[in-house]
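As written, the chains take the letters A, B, C, D, E and F, and residue 1 is the first residue of each chain.
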Amino acid sequence: MTRNDGRGCCDLRPITITRNFTKHAEGSVLIAFGDTRVICTASVEESVPPFLKGKGTGWVTAEYAMLPRATHTRSPREAAKGKQTGRTLEIQRLIGRSLRAVTDLARLGERSIYIDCDVIQADGGTRTASITGAYVALADALVGLRDKGVFVDIPLKEAVAAVSVGIIAGEPMLDLNYLEDSSAEVDMNFVMTSSGRFVEVQGTAEAEPFTIEQMDAMRGQAMAGIRRLFAFQQEALRV
Amino acid sequence: MTRNDGRGCCDLRPITITRNFTKHAEGSVLIAFGDTRVICTASVEESVPPFLKGKGTGWVTAEYAMLPRATHTRSPREAAKGKQTGRTLEIQRLIGRSLRAVTDLARLGERSIYIDCDVIQADGGTRTASITGAYVALADALVGLRDKGVFVDIPLKEAVAAVSVGIIAGEPMLDLNYLEDSSAEVDMNFVMTSSGRFVEVQGTAEAEPFTIEQMDAMRGQAMAGIRRLFAFQQEALRV
Amino acid sequence: MTRNDGRGCCDLRPITITRNFTKHAEGSVLIAFGDTRVICTASVEESVPPFLKGKGTGWVTAEYAMLPRATHTRSPREAAKGKQTGRTLEIQRLIGRSLRAVTDLARLGERSIYIDCDVIQADGGTRTASITGAYVALADALVGLRDKGVFVDIPLKEAVAAVSVGIIAGEPMLDLNYLEDSSAEVDMNFVMTSSGRFVEVQGTAEAEPFTIEQMDAMRGQAMAGIRRLFAFQQEALRV
Amino acid sequence: MTRNDGRGCCDLRPITITRNFTKHAEGSVLIAFGDTRVICTASVEESVPPFLKGKGTGWVTAEYAMLPRATHTRSPREAAKGKQTGRTLEIQRLIGRSLRAVTDLARLGERSIYIDCDVIQADGGTRTASITGAYVALADALVGLRDKGVFVDIPLKEAVAAVSVGIIAGEPMLDLNYLEDSSAEVDMNFVMTSSGRFVEVQGTAEAEPFTIEQMDAMRGQAMAGIRRLFAFQQEALRV
Amino acid sequence: MTRNDGRGCCDLRPITITRNFTKHAEGSVLIAFGDTRVICTASVEESVPPFLKGKGTGWVTAEYAMLPRATHTRSPREAAKGKQTGRTLEIQRLIGRSLRAVTDLARLGERSIYIDCDVIQADGGTRTASITGAYVALADALVGLRDKGVFVDIPLKEAVAAVSVGIIAGEPMLDLNYLEDSSAEVDMNFVMTSSGRFVEVQGTAEAEPFTIEQMDAMRGQAMAGIRRLFAFQQEALRV
Amino acid sequence: MTRNDGRGCCDLRPITITRNFTKHAEGSVLIAFGDTRVICTASVEESVPPFLKGKGTGWVTAEYAMLPRATHTRSPREAAKGKQTGRTLEIQRLIGRSLRAVTDLARLGERSIYIDCDVIQADGGTRTASITGAYVALADALVGLRDKGVFVDIPLKEAVAAVSVGIIAGEPMLDLNYLEDSSAEVDMNFVMTSSGRFVEVQGTAEAEPFTIEQMDAMRGQAMAGIRRLFAFQQEALRV
């Protein structure tokens, strides 16, 4: 079965990672998963939230948004409506947890890294692109702190990246685009570290529940896909 | 290893399901997973949200809250703060999706079922107890509609229930209570239907990522646990 | 004239007061005025609002809510709407003032008691049941503090309880249920202390204004009714 | 005992009622109870709230606010804070109920009267001045509708006015100013119609509960005071 | 061409400035530009916003509102809607900037002046009347501080006043009333100091853009008009 | 005097206009004024706001935002705070008015164009870049509608563009960058059409008021600068 964009079942879309995309942030990355494009910035602040004051440990948190016209039809601006949707809150909590899982918060010291993921063009997989790009922005911000002598070793335990897998017409497909996502029977997001372990797994049956065999097939595809994402991250960070 | 409440690794806490707990709702259930107690009501409304108007199909949606003093220390009341937390929104979206997955919305017709899950006492697993109890409340509400002649067969495709599993000291443990949940390295929630298929899977590493073997072990425990929950639901509905 | 539930004009509905209804709160009471059921908890916090900082005196405050399906038809959840109604704010201010009137705030010391009254089933008189039950929860919380040696004598000056009275078909009726309340021409709520004095009196003519004679008749019924409520409180606290 | 402004216990403050205070509203009144000054406007709208659509009956509702510097120290502007306080909501609900009680809503027809009471200078008794002045603004708006032929007889059943009474140093005092209000042990507000019947009675013990004898003494003072307020209203409306 | 109220093109409406309009504020002015009437108060607070703490300099800020029925048809109350409109925020920012431009904030010392401009009747030019009246209220508040010995010289560098000019039927017209404003092709607001310099200039083409010659003609009219407003301010302050 | 980036007093920063920057919007432009970069999209909706329903005329409106890390230090996300600042509302109202001034709303027909200006990198002049870029996005969207046969001639009366001018060290300087803007004594924004007429003029003295001569000098610089911006727009649209 060929997919609507000509990919095979286990192919990622074209991935590009552009560092230093904007100039003010300590880390600033434009990541593209096909037509999905997200600006991921990492901002360093020399303070921590109240619940961590005086504990000597740091914090990584994330916010996520889409430009109103990142989507096929214009979505109302959350700032104008005065509140973030449940979907937005869910995604930004996921991004934050994913990055904290690979950050050595104790070694980071009493400072916070704010991750902002702003989707400028959406075509499916915005949360997985956000996590994958945010890791690079985070690494850049932490390298900057190391270069300023804040710590000797970058407080990252390993890399983290994410991908979606779905079941379409009964078959698992990697890295769904928007059209595929709309027609998928199941949608799973996997967040994995470079040691091959999981920090987040989220699977949702849109219409029909999925079997244990399907879950395993999706997991297999995702693990292979995320390993390729690690290569893109490393390549981007090598330059 | 014995657990802090004397259970074995694969034991559920004592489960009780009390139907007709309050008198106004079309379905009203008090469910207890150990010390976790949730009032689940199902309310029938003869209308659907705007995006479904005129499509001949129904809707099931859910709201979730905790009483301020359901928890060890008092949590601020969301109504007083003027907004629901991301956690609340995430949980109520999960409950809604889980119940829609087993409801035949076309056969429900143009009407909505509002599920309200209000935690009156929290001791871990409030979202899984909510889903498990809400299914019973939903069934009661649908039976009521059938008895009024709205449809001949209850528009439920199968049963749905949920349980949490965690990794504590490297070992998978079923149906975590609050103390266990606080110290778990990994927390997974499984929502499964009575045909043994999944509608939602959510796993989160709190500190250390988890391996594929751990995921499988947790899944196995969860599947066995949820099967026992189906028995409790059936038993409650039989009376 | 017999009432819709068979009571005489001056009868209370069946009253039950269940202490230790939930396990986390310092005081936790389920109170029933007939089919009206309210969970009243008292939570101790070792701090006071900013306007009392450093004054050596304590504070008692209250919040009130109804579960969405406590009522005949489902009411929108205030947390979801993002604000509390005027009715809610009015009732919770009334509960707070009523309890402060019998608490010796100076002897309480610089700590706060948060009263939460959550109506799980409504059938008229939710505010009067809330005050009556909250007093018992407050007493339990204060006994707990005394038992921990925070003070020698419980800082309560006397008991407080409340009841509604209405005029139906020209006749005063005690402790209205929802159906009665809907058809009452006048609705008065009396909050009285065990020394027979008033802390709050609120009377509202729904359609026709009421005479001074009617006010006196309602007051007489209320005073007798509240005296019986004190007996229920004492009985509950004796155990 | 002389009061801080030289009045006897049963004296009202100087009352002035200025009609046509602003030019756009159908009724516009500046009322002064001593130094308390409130602009009361009545605005006619040819529609009713959704719950009254098609029922052939009208509606009267009220909103209340204080200018930020109506008070001794500046209060934050509610519009800037983004919500109305419980006190504001309580007062505007009281004003609305008081005026509805004397309006023949059926004869008003399917239209709404919006009462706005904006306190430009506060010195105690803002809610009672608001009710007393709003009645005159309402009458003016209804006369205007009658003059346009909307109805033959003005749909007012009788007049309504309000006054506060407090207990100071054990003695009842009529129409408290701000200083008195701050030191009063009890504060009662009475809303009475010109037939000598009550539409609202609200009494609150600030510190010490009050006896039945004190309640009766306050009621007597209030009734005499409100009768004098009716004379001021009639005098103002006669011109 | 005669204007709808009989004025010539370059005439101001009748201007009156009433000081000490309300009793609590340190400065309190009722200003009328024809039928536009605004209460302007200046309130002194012995603190500054966080961003100025410890810098030894003061602050002047403003809030603006209209009573709901200041206008021809009733406008919803911003406090009830829960947010201020963009128009309100724009105007209050303009008022604040205009007054800060003539205040010597360093000499004011670490204290804030809150300006409140509340429109009780609107007939065009509410923002220019607000600025013109607020200057007088500010001056009164600063004189009060000087009289208390807070500083020797009043920290005002010069006077400030404002007026609107519009193009109607191709001709510039000074100080537009509401009817004129509604039909104006261009609306400019000028805020000028007594030394003949500008602190704010805002011009908006409602339908047709305006030429450089029209801008200059409007500016000339505005400068002459504002000079006459300074005379009214001085006259008011002389008494 | 040389400027901090080497420009002469009357030089624009490098201007680039990239069309079709994102794929979903009917018009999508990335505009750069030096380091200021704004994504401007134009979205067509086949409906109009309620106040225009049935009038046969169209509408153009705008929303504006900055990514949190568009600025030197991270600014809180407005969607997370739950409200837009006064600055944001002021700017988006300005953008909307500027574009409406050159659009023939009658010929547009009953449809709306939503302009979204999202600043991804800020270095001064974000509102003027937004207006200049939004015009190009609007033109693209209208060309698209013409190409679909919605109208024969594009309903644009002329072009519109905007630039800022400031007074620094007494000298007028064109198109201020952030550093210049921070130290400018006066900041004026001019919005001009291609016929050399103004739709908006806004000047603000940050510290010292400005003279009529300074206003004229700034206006002259702005007019020359905007004429060059028209060339950039035309060049971009020619391709």
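Operating definition for what follows: a residue touches a chain if its C-beta (ideal position, glycine included) is under 8 Å from a C-beta of that chain, and two chains touch if they have at least 3 such contacts.
Chains and their UniProt names: A, B, C, D, E, F = Ribonuclease PH.
Here the structure is a predicted model, which is why all the values come from computation and not from measurement.
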Those chains which touch chain E and also touch chain C: D
Partner chains that chain D and chain E have in common: none
Rotational angle, Cα trace of chain B fitted to chain C, multiple of 5°: 180
Maximum centroid distance from chain C, chain identifier (CA atoms): F
Centre-to-centre distance between chain F and chain A (centres being mean Cα positions), rounded to whole Å: 33
Between chain F and chain B, distance of the C-alpha-averaged centres to the nearest whole Å: 50
Separation of mean Cα positions, chain B and chain A [Å, integer]: 28
Residue list for chain D, restricted to those that touch at least two other chains: 82-83
Going from chain B towards chain C, every chain in order around the ring: B, C, D, E, F, A
Footprint of chain F on chain E - complex, ascending: 83, 85-87, 89-90, 92-93, 97, 101, 188, 192-193, 195-205, 207-212, 215, 219, 223
Chain F residues within the chain A interface of the complex: 22-25, 28, 35, 37, 39, 41, 43, 45, 63, 65, 67-74, 77-80, 82-84, 88, 114, 116, 118, 120-122
